[in-house]
Structure formats: structure tokens, C-alpha cells
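There are two complexes below, and they share chain A, which is joined by chain B in the first and by chain C in the second.
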Partner chain A sequence: MFLQQLVNGISVGGIYALIASGYALIYSLLGFSNWAHGEVAMLGAYVALLFTASLQLPFIAAAIIGIGGAAIISFLNERLAYRRIRENKAPTMFLMIAAMGLSIVFQNGSMLLFGAKFQKFPPIMPVSSISIGSVHVGVLDLLTLAVAAVALIVLEIVITKTKFGLGIRAIASNTATAGLLGINTNKMFALVFAIAGALAGMAGVLLGLKYNVYPTMGNIGLKAFIASVFGGLGSVRGAIVGAIVIGVTEVMVSGYLSSGLRDLITFALLIIILLIKPSGLMGVSVEEKA
Partner chain B sequence: MTPVLEIKNVTKNFGGVRAIDDFSVKIEPGKIHGLIGPNGAGKTTIFNNITGILTPCNGTIIFDEKEITGKKPHEIAQYGIGRTFQNIRLFSNLSVLQNVILACSMDAQYNLIDAFIRSPRYRRMEKQISEKAMSLLESVGLDGNCDEIASKLPYGHQRKLEIARAIALNPKLILLDEPAAGMNADESAELVGFILEIKERHEFTVLMIEHHMDVVTNLCDYVTVLNFGKTIASGTPAEVKKNEHVIEAYLGGAEGC
Partner chain C sequence: MLKINNLHAAYGGIKALKGVSLEVNEGEVVAVLGSNGAGKSTLLNCISSVVKPTEGSIEFLGNLVPKHDYDVVGTGLVHVPEGRQIFTHLTVRDNLLVGAYLRNDPKGIKEDLDRVHKLFPRLKERENQYGGHLSGGEQQMLAISRGIMARPKLMLLDEPSLGLAPIIVNQIFEIIKEINKAGTAIMIVEQNAFKALSICDRAYILNVGLIEKTGTREEILCDDSLSKAYLGE
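Our next item is the complex of A and B:
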């Protein structure tokens, strides 16, 4: 029972981590919380659903199209909305408000377009769980875990081992100086939004598989946001750790205590962390950002 | 000789304040050109216009026979203008070596796939870049500190690292914004020797803002004096020091004496 819950928790955490790492990346570059990020995940799920349910495409193909779609939507958010605000040298608060606006537009737009009802992916697995000894583990949970782990490891390699990643870290440290050293900052922002969008799309599809697809499923972005605050805003590794801690905590609380207490405990955990270490588990102190 | 950099009638307003007023200058190749003037004279604003952080309201900037007015900062960096800042701006979360490697990264001709499969091309490029970065650090005497976090270096070393990072762009022109800021007489004397030495070795032209007159006198071939965004004098350091407009700008009016 416990192991089963643990796998389930880590897999939920993996989904949070896919969204939270995008939050963290964008926050580290632009210093604002991209509230539309959860909706990007939701739209990715809808795109995949559209292709598999209506166009009868195999699930894998539809999932890839969904992930690509989310990447494009995220890129367009930056290209059409955020870039213009940045170039007007507006305060970052404006970016956050624009993101809230986008979030509302996406939620209500998809309600109009797809309807408010819950929709399901056609079943993709012949069996729903496998047994290892006396432990029953959901196949979907294992799949989620594997996909999230691979995606996040690739992300980590890109950030730490490539010149692109070095560029991201330089822009996070000082955008203007990075530009003066020949880094095309706008191109980097566009790429980062596309990558974050792809990860969110992945989370959306996995979430849709596990539960349902519906217009307000992007609210999961709030959990991912908590995870990234918990881990330290702007730190990708912190966001991943935070997401897994929150995923496991939630599943354990719902499993052993009561699902009604789930959010209460999550938020309490957040408050405790912020009281003990205000910059989050792995965050840099706020003064360094100034 | 064609100038490396030519600024023609550049004007920059901030709201109602005219920070630069019809400013023109020609920088000859291989020279060290000083830009001096009291605080608020518009010196750093000129640097910001050259490097594309700001766009002039009027006028043109020509670098290496190409017009660069209104280009993006990264494009101007790629044309070959490097710069340092009055308040040092290193990537404080990166190591000393990474700070320099980053500025070399334009030389890197590999893509993400190369990086993933660690292709021969990737390894060759990475090796080439880190060798270049190491030799630059060596030439500024920081090769022993390459793995330290940049912000942990002592102040004087941070200055040198910032200069090394600017050189990593292979610039034809380097803009130094108060390189001797916060240094005492001994340290600024050492800085003078250091700048002359690396300039010889890497063959670039320098445009520098400086307040320490001994540094200006010892380094600059030519000086332009700015006050309220206008050129009030120009010439060799010795000529400029005798100019009465300059004395007036720095020490206030001479009435009553």
C-alpha cells in the first residue's frame, strides 16, 4: 500500500515538476510568474485529445502534436504579449497581469470551443496496473514517471552542459550584460518559452490520461507554482524537488488522512518553508536579483 | 586614416532633459581615446548609445565603416565592440572561466544535437573555446582562479575579469567605463600598465571614461571633454588640462579672482 502510494505520489509530483520547471525557467529569466503556464498545459492536452479522438491518430502521434502545440502556444504568448511589454520597458508586474489575462482568455476560450464537460482519452494501455510481488502499481503512473524523468534529465543536461544553457544562466544573472556579450536575448527568450511550453504540454497530456481533460485543468498550475516557490523561485532543480515533495505529500495525505486535508497540508508546508527559509529550498537570496 | 568609430551629431533626450547634445567624435584605430567630464555630463549615456542599450534620438554612429545606429546590443557586440561597466557587472553566479567562455560562445559552431551526442565537432569546439578562455585568463593573470565563483574575486581581479570577458569577443574597439574607479594611486598605476600591455597584445582601440587624471594623462592619446552633453574641449591630455572651459567645468566659475 505504502509503496503504491509512493509511486503514485512521485508520478503526480513528476507532472507538477514538468510545469514547475517551466515556471522556474521563465521566472529566472524574466522575474515574473507566468500565470498562463497551467493553461498552456491544458491547451496541450486538448490539442492531443482533438487529434486522437476526432482524427483517430495513434496516441503517440497525437501526444507529440499536443506537446508541439503547447510549445507553439507558449512561444506565441511570449512573442505577441510579453515581448511587447518588455520592449516598452514596463514593470514586470505588467507581465504578470498580462499572464493572468491570457490565462482567463484561454480558460474561457476553451470552454466555448470544447465545452465545459470532462473528456477522456481513449484507453491506451491494455492493462491498468501490474503487480510486483504484492504491490500493485499503475502502468500509467510508471509511464508518467518515466516520461517526466527523461524530460527533466534532458532539461538539466541542456542547462548545465550546453552553451545554450550557459546563455540562459547568464541572462538570468544579467540580461543587459548578456546582450552586450553577443547573446541574442530575444531568441533565447523565445526558445525558453517554447521549451517550457513543451514540458507543460507533456504534463497536460499525462494529466489528461490520468484523470480527465477539462477547461479548468490548468489550475494545476497553482500547485506547480507552489512547488517552484517551495523549491526557490527561479531554481529549476528546486522546482523539481519541490514538485516531488508536494506530489508525495498530497497523495499520502489523501491516502492516509483525508483528501479534504490535502490542500490544507500543502499550503501549510509552503508557509513553514517560507518561514524557515524565505528564499525556498534552493533559491538564491532576493538581494542578488536586484 | 578611417576612424574605427565615428559618432555624428548624436542627440539623446530623456523626457525634457537633453543628456547628449549634438555630440560628434572620431576614434582613430589603435589609439586610446579618453572621455572625461563632470558627473552627469553624459559620458555613460554615450556608451549606452554606442552599444545599443539606448537608441539616439538624432544622429548616426558608424563603426568599422558600417552604420550601427539603432542596432540591437548583441548585434553590435558581434560587430566587434566590447565594454566594461563602471559598477562591475559580472555573471556573479558563474565561475571565472564560464564568464569568459560565455563571451567566446559566438565562436561555437555546434548545435544542440552535437552537444547531446558529444560529437567530435562539439568536443573540438569546446576544447578550442576553453583553451581560448584560459589563455585570455592567463594574459590577465587570473588563470589560477578559473574555477572560483566570479563574485568571490577581490575587486581588482573582478575588473580584470570584466576586461578579459570583453576581449573574448575579439573586439576592434573596447569601451572602458571608469576602469580605475575605486582604486588608489598604486592600483591605478598598475592598471595603466595592464591596459597598455593587453592593448598591445590583442590590438584593439580603446575609448575610456575616467576620472583619475593621472590615468588619463598616462594612457590617453586624445581626450574629449564633455559637460552637459556637449563637447567643451578636445585635444591631447596636456592641451585639455590647460583649457579654461575645462577648468571652469571642473572647478566652477573663476569670477572674482
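Our next item is the complex of A and C:
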């Protein structure tokens, strides 16, 4: 029972981590909370659903289209909404408000387009769980875990080991100087939004598979937000750790205590962490010397 | 190599430059001197396309400087900004590698890393520390070294002495001389006029957006317009 819950918890955490890492990436570059990020996940799920349920494409192909769609939507958000605000040198608060607006538009738009009802992906697994000894583990949970782990490891390698990643880290540290040294910041912002969108799309499809697809499923973005505050705003690694802690905690609380207490405990955990370490679990705090 | 003609620039409604013309030739060290608010930093920001001039032209090696700041460094012109502006969350090594961001010659980059480490052994010792953990002087060394990593033909230096102890300032100016000897032209903007005059070939005195005086080092040292620019009439 416990092991089963643990796998379930880590896989939920993996989904949170996919959203939270993109969220943290965007925060680290632009210093604002992209409230529309959860809706990007939702739209990715709908695109995939559309292609597999209505157009009868094989699931894998539909999932890839959904992920690509989410990347494009995220890219367009930056291109059409956020870039204008940045170029007008408006306060970052404006970016956050624009993001909230986008989130509302996306939620209500998909309500109009797809209806408010819960929709399901056609089943993709021949069996729903496998047994190892006396432990039953959901196949979908294992799949989620594997996909999230691979995606996040690749992301981590890209950020820490490649030249592209060096550029991202330089912009996050000092945007103006990164530009002076030849980094095309606009191009990098666009790419980062696309990558964050793809990760969110992945999360949306996995979430849709695990539960349902519906217009307000993007509210999971709030959980990802908490995860990334928990881990330290702007730190991708922190966001991943935070997401897994929160995923496991939620599943354990629902399983052993009561699902009504789930969110209460999550927020209590957040408050405790912020009281003890305000910069979050792995928040970057390099103080600047004169 | 650098030709600035009748440059005007403004922040909001305030005119910071009101028709500046100047030149930097191959191999030279040129100082632009002037008190706070004379327009020195604005001048450098125009050259590196951070600020768009309202009038006038800037040519580097016969071409107008590119429109976007991120295209400027590729032409061989690097700007080491005021206040050092190092990447505090990146290691010293990564800071240097960002300086070489547009280069695709791993061998040359390695050579320049070695060169920088020879100029500033402290940076080698502190290679894996965060930029933000360096002292002010080390940060200035890092900012200059990061500029070297771009392998520039012309280096713009904005107030390299700012906020540093005299002994560190001397050290940094020695290095600037060495960088110049190795073939990079230098345009240095300084409030610390006498320090800058100790290494430059020629100087311009900038006063509220206008070039007030220009000449060789000796001419400027003998002229009273320098003290006027700093102390008023």
C-alpha cells in the first residue's frame, strides 16, 4: 500500500515538476509569475485529445502534436502579449496581469469551444496495473514517472552543460549585460517560452491520461506555483524538488488522512518553509558585494 | 577605426549628448574625461547600441554600428559597462565563457582563458566561485577579462576605477596598458582624469554633452579646461 502510494505520489509530483520547471525558467528570466502557464498545459491536453479521439490518430502521434501545440501557444503568448509589455519597459506587475488575463481567456475560450464536461482519453494501456510481489503499481504512474524523469533530466543537462543553457543562465543573472556580450535576448526568451510550453503540454497530456481533460484543469498551475515557491522562485532544480515533495505529500495525506486535508497540508508546508527559509528550499541567494 | 559624427542623444526630454564628434584609431588608448553627468556613459551606450542616438552617426571599421546591442560585439567592439555588471549567479569561469558566447573556436577560447588567467591569477584561483562572491576589485578584473574573451579590436571601458582602492586601480590600469600593447584599441571613460591621462595617447573632455577640448595627453595636462570641466569656471 505504502509503496503504491509513493509511486503514485512521485508520479503526481512529476507532473507538477513538468509545469513548475517551466514556470521557474520563465520566472528566472523575466521575474514574473506566468499565471497562464497552467492553461498552456490544459490546451496541450485538448489538442492531443482532439487528435486522438476525434481524428483517430495513434496516441503517441496525438501526444506529440499536443506537446508541440502547447509549445507554440506558449511561444505566441510571449510574442504577442509579453514582448510588447517588455519593450515598453513596463513594470513586471503588468506582465503578471497580462498573464492572468490570458489565463481567463484560455479557460473561458476552451469552455466555449470544447464544453465544460470532463473528457477522457481513449485507453492506451492494455493493463492498468502490474504486480511486483504483493505491490500493485499503476502502469500509467510508471509511464508518467519515466516521461517526467527523462524530460527533466534533459532539461537539467541543457541548462547546466550547453552553450544555450549558459546563455539562459546569463540572461537570468543580468539581462542587459548578456545582450552586450552578444546574446540575442528576444530569441532566447522565445525559445524558453517554447520549451516551457512543451513541458507544460507534456504535463497536460499526462494529467489528462491520469484523470480527465476539462477547461479548468489548468488550475494545477497553482500547485506548480507553490512547488516553485517552495523550492525557491527561479530555481529550476528547486521547483522539481518542491513539486515532488508536494506530490508525495498530497497523495499520502489523501491516502492516510483525508483528501479534504490535502490542500490544507500543502499550504501549511509552504508557510512553514517560507518561515524557516524565505528564499525557498534551494533558492539562490548570492548576495552582491559592492 | 571608430568614427563618431555629430552624435545627439536624449533620455526622456533631457539631452545628454548635443553633437559629439570623436575618433579612435587603431592601437590607440583614448580617454573621455568629464565630471558626473557629462554624458560619458551615454556616449558608450550609444556606441554599443544600448541607447539609440537621436541624430548623428557612429561608424566602426567603416560600417555603421548594428541596430541591436547583441549584434555589436560580433563586429569586434566590446563594452565593459559601468559598475562591472558581472553575472553574480554564474561562476567566474562561466562569466568568462559568456564573454566568448559568439565565438566558435574552442582552441582560441582556451588560449584566451589562459591569457586572462595569466593577467589575473586571482580569477584562476577563484574559477569555480560565484561572481557575486568576489571582491569589488576582482569583479572589475572579471568584467575586463570577460571583455577580453570576446577578442575585441576595440574595448570600451566605463569607469574601471569606480569604487576601488588606489592600489587595485593601479593594478587595473597596468593591465589595461598591457591589453592595449597586445593590439586592442581602448576607449576609456573616467572621472579619475589623472589616472586615465597616465595611460592614454589622446583625450577628449566632455562637458554637459559637448566636447570642450581635445588633444594629446600632454596638451590636455597643460590646459586648464580639464580643471574647468571638473570644478566649473
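Operating definition for what follows: the second predicted complex is superposed on the first by the 284 of 290 C-alpha atoms of A that agree within 3 Å, B and C clash if a C-alpha of one lies under 4 Å from a C-alpha of the other, contacts with A are read in each partner's own complex, and residues count from 1 in each chain.
By our rule, a contact is a pair of C-beta atoms (placed from the backbone, for glycine too) under 8 Å apart; a residue touches a chain by one contact, two chains touch by 3 or more.
From a predicted model like this one, the values you see are computed outputs, not experimental measurements.
Novice: What is the contact status of A:Gly167 with respect to chain B (first) and chain C (second): first, second, both, or neither?
Specialist: In the superposition, A:Gly167 contacts both chain B and chain C.
Novice: Once the structures are superposed on A, label A:Leu181 by its partner contacts, choosing first (chain B), second (chain C), both or neither.
Specialist: both
Novice: In the superposed arrangement, does A:Ile157 touch chain B (first), chain C (second), both or neither?
Specialist: Touch status of A:Ile157: first partner only.
Novice: Using the superposition on chain A described above, determine whether A:Ile130 touches chain B (first), chain C (second), both, or neither.
Specialist: Once the two structures are laid over each other on A, A:Ile130 reaches no partner at all.
Novice: Figure out whether A:Leu3 sits in contact with chain B (first) or chain C (second), or with both, or with neither.
Specialist: neither
Novice: Between chain B and chain C, which residues of chain A are contacted by each of them?
Specialist: In chain A, positions 163, 166-167, 169-170, 172-174, 176-185, 284, 288 sit in both the chain B and chain C interfaces.
Novice: Touching residues of chain A toward chain C in the complex: what are they?
Specialist: Touching chain C from chain A are residues 163, 166-167, 169-170, 172-174, 176-185, 284, 286-290.
Novice: Going by the contact rule set out above, which residues of chain B touch chain A in the complex?
Specialist: 51-53, 72-74, 76-78, 83, 85, 89, 91-94, 98, 101-103, 105-106, 108, 112, 115-116, 165, 168-169
Novice: Residue numbers of chain C touching chain A in their complex, please.
Specialist: 48, 50, 68-74, 78-79, 81, 85-90, 94, 97-99, 101-102, 130-136, 139, 146, 150, 163
Novice: What does chain A use to touch chain B in their complex?
Specialist: Going through chain A, the ones touching chain B are 157-158, 161-164, 166-167, 169-170, 172-174, 176-186, 284, 288.
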